[in-house]
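Shared chain: chain A. Partners: chain B in the first complex, chain C in the second.
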Partner chain A sequence: MEQISQQAIVKDIPRLGLMDRIDIMKNKRGFPLVFPLSMLALLAVIFHILTGGEFLTLNVLKGVFNQSLIVGTMAIAVSFIYTTGNIDFSVGNVMGLAAVFGVMAYQVTENMAIMILVTFLSGMALMMCNCALGVIFHIKSARVAVVAMSVYSAFTVFLVGAEPLKVDYKICKVLEGNFRYIAFILYFAGCILMYHKTAIGRKLRFIGGNAVCAKQTGINENESIVTAFIFAGIGVGLAGVLQILRTGSIAQGVGTGMGMDVMLATVLGGMSIFGGAKSNAYAGFIGAVTVTVLNRGLLMLGVSSTLIQGARAIIFLLLVFMNSERQSTLPSRQQF
Partner chain B sequence: MSAKGEVLVEVRDMCKNFGVTVALNHVSMLIKRGEVRGLIGENGSGKSTVTTIIAGIQQASSGDMIYRGKPWKPQTSLEAAREGIGIIVQEMGTIPSITVAENIFLGDYSRFLNGPLINRRKMNAEAAAALEKIGVTDIDPSDITAKYNMEQRKLIEIAKVMAHDPEMFIVDETTTALSEKGREILYHLMHQAAADNKAVVFISHDLEEIMEHSDTLTVLRDGNIIDNIDKKDFEPNMIKQKMIGREITGNYYRVDTDGYGDEVVLKADCITTMQDLLCFNLELHKGEILGIGGLSECGMHTLGRALYGLEDIVDGKVELYGGKVTVTTPESAFKNGMGYVSKNRDTESLVMNAPIGANISSTGYKKNRGWGIFISDKKERRYEQLQVDSLAIKCTNVFQPVRALSGGNKQKVVFGKWLAADSDILILDCPTRGVDIGVKASMYQLIYDMKKKGKSIILISEELPELCGMSDRLLIMKDGEVTGEFFRSDGFDNNQLIDCMI
Partner chain C sequence: MKAKRWVSYILTAAMSVSLAACSSSGEASDSGSTTAQTGEAVSSSENHETFKIAVLELQLNDESTNRAEYFNDYIGPKYNCEFMFSEACDDLDSAMTFIENAASSGCDAVINYYSGGNTEQLVQLCQEYGMYYVENAGRSDTNDACYQAGYDNFGGGFQADQVDTGRLFREYLLETMDPSKEHNFIIATGGAYQGNVLQTEISTNMLEAIQELYGLTYESTLEELVTSASPIEAVNDKGIAIYCYPGGSASGWLEGISAALQTGKYDYLLLAPQALGNVGTAVSEVEEALDKDITVIGFGALGDALNNAFNTTDKFGNTTVSMSTIKFTSLVSAMAFSKVYNMLTGYSEVTKADNGEPAVLTFRMEAVTSADQLAEMSGWDTDGKWVADYDVVDSFLGMYNEGLTAEQVQERINAVTYESIKERLE
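Entry: the complex of A and B
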């Protein structure tokens, strides 16, 4: 008996298979940040080489950044909602309608500040409206989003009419540079801080991971979801402002389909749109930049844009499939 | 043809690793017909791993198996079940969103095909028969499984396994989810199978139980088979030592008869819930460990939930600190220094996909603040690591998802989460479920330390020894009412307690 208990147990050092290695890597802490960033860098370098050194230039990169700004901002915004396991793809239309309100306010007052303020506030108000429907009436937010999407886009079409609404393009030019960057950076930094450095993001993740457990740990689900929608509202409002400034005009179809772009960006950035424990606030932005890099790079290589659209759809489906946590129907260790 | 003692399953030199974690290290064992084989070992020693591999839920990294004289390599648990090997898993083995009958015949629906449609009536009737076969009559097979509580779902799972008439079945840490009655059913099935020259593998952390019900015991430690012991050689201390690898000293339960304070910190004032409780009164004092026992259906689990604001209270109220606070929601309970460990670990107390660390620090968002509302990473890490160390949670690091842990280690995470919260009032519903004896001893010590610090604890449990060992005062419940109140200072008498239960 003594012998057995004293006996040193010698274990083989396990031979790690590929899946084991991938698993170990995935569980590393920095993985959700490092992996998508490296993929992005890799993509950029590949395009740089394929285009014969034309991709990694200041001009192209600036263009990429500008182009990703709106979808990126919205993706950051929506990540708060996705984290809780709720899906809201009406954000594109919310942004569009907010921008319409902003431009209309400008046409009445001719005041840029008021335009920005109105856009912001209407973005937030509309998001809160989605939130209230979901939280108060306990409607699954995906269903709310479907209704909201059609209502908002109908409104937009009604308000805009056939001709795009215009603002003074000169003023847009003035605000285009620094204002945009500063506003975006402030929002991005603010979100990262609040999401990753305070209890807010942790609670949202907890709710997304297991709402029952979150409740038993003293987390108020409704309160957290309202907070999420507030952060999302700010971002969507900001995106509306950026949208106006970009072209100085708002057309009927503004924001349509952008909800899907945002989802694509989120998934490409390495986050699951089903939320939960591994969510974060930056995946969407990285993903948005990745999408733009892909578009830009392929265009520069002379690939037709229809083909790019098709490729995008396929990539999206593939990623969603890989992202969904496969629940086997059999009792397994994973199931609980 | 199948003689008693004939080898039914042979495991040869099996290894299993998860990344760098070695769960099984060259394990070989023989399982014979006509025996109940006990499997015992510390949390994370590989018991579930080896049995789930035999039952097809996962596959080994290397090594092979022989079943009924032929190579055995099941790819799914369905395949194993069809071939006669069933398993009652440690986690939940039923799917909540489908009916009871669908669960019982999961993957076997083709039997009931009537043209392209499933003959529901036939399926339900056979499911009812399968349930009746194990002596359960109060479950309706056409109901959605989610309607039933944890114990009933376990019984459904048992019925499902038995419906296949297995040559061998595995019982993985199931008894802690069952009440006395459910346990009797299971023991009976086990011994019946052994008598019919089938084989049973029985996993439990309850030494007394496993010694009573198994014919041979296999001890696993750290992925290695340490020994096989025959019934005639069973001796608790020897088994413990083989399990842990060293002698355990010190007391299991507390030995003092220290009293507790006069101040009432929690008071249930004639509370009535939708189910179980009708005008229930209870007082908990400062520094008191209040044990609550009874049969599973006696309402004690509902009581725990109600005190923490998890049940709708139709009438009456739960007050804290002499009426200063009324508990209405778990949020208000938590904010006012309460904590609650649910019996339903996997679905209520943990986020399976979240890291161990994130689960533990979920109780410490306020405490771990550094500057303003910002959380200090350093404090949070310390908060998590402290629990991992003090409870010896077996993991590679705090970033590992909880789902990768063994059952007992998951339980330690839940306990650690609330230990770290340093709550003033802690409601523990079966806190030692599935943990090994070594860890149990340290949990008891930690509970006792909390008492010493003036914390108040409600300990709800189905294990009488645990209740007697730890409580200052012990309430026995039956049908939602207290039928007996006993004090540590008077000594607890088992027979008296049991009388109050039934």
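Entry: the complex of A and C
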């Protein structure tokens, strides 16, 4: 009798389907880090096998890292803004204009240190302009970004003129080596610490999850948003410096469209651009590396550039789909 | 939830199909090479290894499609070369990224159609990866140092004879326009504001021709008008409306041209960038709406866009385009290919001028003014009727011509004229 009832109980337990299991897996704490990293590792291994062992070599990996650096740095930067539920896709144009100011300062002083400083400060100042419009005048950040893109782009075209602005490429090559690695690692480590180990990061995530609740617990939303933009400004300034060091020249189109690349990298890295509790500071960099790995891997396989676009789009869709479901939380504010 | 599940299945299936397609594409390419090795290639390519050449494209259009066909299907098999093409690279960063990726893919040389005045960076990058480099640009103040620096991997540039191309536009305007009638002009200056020398030359010649016809004086210098990064009115003492409009491929450019045409003020549209395929509809709409005949003069390559432009008529019975200069894509491609191939096969001296610096090769464009004239060229520069056939390409290569010099190569390029092509192909 007891055996029958046990069997009945087992029979009555609802069986989990594949999608239910995926949902359970997606809601696990480590999923936002483990899944994109696993996908990245899987892609790298697949390309390594298909290219006959040529992909996972030091030169290729170094190239992948270098190519991901600028978009990755900006993606880390904007993760602070995205986390709060705000959105800013003008970062590419901010980076471009900051780089223009930096190169112009170099052309006047012929001093690389001043160029780096001016680029940093310009990046921060321009991001603070975007922030001020949102915080003081309560304009939605996405609307500010649309206007900022046009204004900064126009300034860039006006200041650069017909010929690209140039810096001494030999010095760029020297600085490009260790400087960029050290600068990036310091910024990345600082962001991870600030974001995941201090109250600043917790406040940003709380605001992104539910601004009303956050306010009721005594968190000053404006103050947190200003903090987010300061960290973003540092990152965008750094990206401007990296851009100058990589190319040694700045043309009119610098940074154009990069805001969308940053957004794509963020989403691919497993973070929602709507922010909230599951946000993190590393997703954007993982996403940027994933994009680079895909591009380089497919090219190394001999896939034509037109097919690459198609294959890339399909893989992106799949990855975004896997990361698309937002956690069930209290009702959030409207984003746009 | 069900919908998501189906989307998931569809995406997975699509990815599998896509990857399978990618894989079969690679196989097709491999088999192409095998055919080449077992066929004519073996005898004509001197049994050398397969060279892999990266082609960095600025735009993806009729010309780039034609070039890919010429390189992949015609040049590749005979000379035992594989080609790898980029997506559209319109900034230095994406150009550098492609070159780095090309190096990882085992490319031996780069042919660059993006010339943003950054020759030094790209030459050095290619040198770092052990690749040869040539570019679709001439020698100018921005890259002069690079020509003098003695880079072993730099084979110089190739480009249109800019002065000659500008002259074609100028002569056509002077011959066909009646100065007793008042006309107003939009001049699309293309990438002149970004330092594109060819488009600067064409735009300047157009402005000079108008100046000569009407005997007018501009308030600004020609350089200011041509290199302006934003639209600018060329104010003059005769009151002729001349609107210089920069750009050519960026989003919003066509809308800007269209808006200017819709004012009804302009009856001549002069195009320095290769944009004939883009403006047809905008011009027709304005002609229909305003009952105004608009003359279009431009710059193109043999292909569908140009054929359509010359074979469609507006409501006034005129062809959509009145005059176009054209270039033969295969000839330009052969010039680029011969430079890298000479370097790859150990004949680097063929790419150098008498003074030992890299030489710049130039080609002359032809002017087409009617559908009949274009019809005479029907089928030229397509499979089976390449303007630069094997004989032409061979004549540019050191391995088939002992003691060949860059000057002789230039003479052979100059010998490829409309008449000589016609005689050969028909």
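As a convention for this text, the second predicted complex is superposed on the first by the 291 of 336 C-alpha atoms of A that agree within 3 Å, B and C clash if a C-alpha of one lies under 4 Å from a C-alpha of the other, contacts with A are read in each partner's own complex, and residues count from 1 in each chain.
The working rule: a contact is a pair of C-beta atoms (placed from the backbone, for glycine too) under 8 Å apart; a residue touches a chain by one contact, two chains touch by 3 or more.
Since the model is a prediction, treat every value here as computed from it, not as a measurement.
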item	value
A:K197 touches, of chain B and chain C: first, second, both or neither?	first
Which of chain B and chain C A:C213 touches, first, second, both or neither	first
Which superposed partner A:L56 touches (first chain B, second chain C, both, neither)	neither
Touching partner for A:L186 - first (chain B), second (chain C), both, neither	neither
Partner chain in contact with A:S249 - chain B first, chain C second, else both or neither	second
Residues of chain A that touch chain C when the two form their complex	19, 54, 59-60, 63, 66-67, 70, 157-158, 161-164, 169, 173, 243, 246-249, 251-254, 256, 295-296, 298-305, 307-311, 314-315, 317-318, 321
Contact set on chain B toward chain A in their complex	15, 17-20, 22, 25-26, 48, 52, 57-58, 61, 76-78, 89, 91-95, 106-107, 221-224, 226-227, 238, 241-242, 245-246, 308, 310, 329-331, 333-335, 340, 342, 346-355, 358, 361-363, 365-366, 373-375, 399-401, 403, 417
Touching residues on chain A, where the partner in the complex is chain B	1, 4-5, 9, 11-12, 14, 16, 20, 23-24, 27-29, 193, 197-199, 202-203, 205-206, 209-210, 212-220, 276-278, 325, 329-336
Of all residues in chain C, those that touch chain A in their complex	1, 4-5, 7-8, 11-12, 14-15, 18-19, 21-22, 25-26, 29, 84-87, 90-93, 96-97, 100-105, 116-118, 120-121, 124, 142, 192-195, 227, 229-230
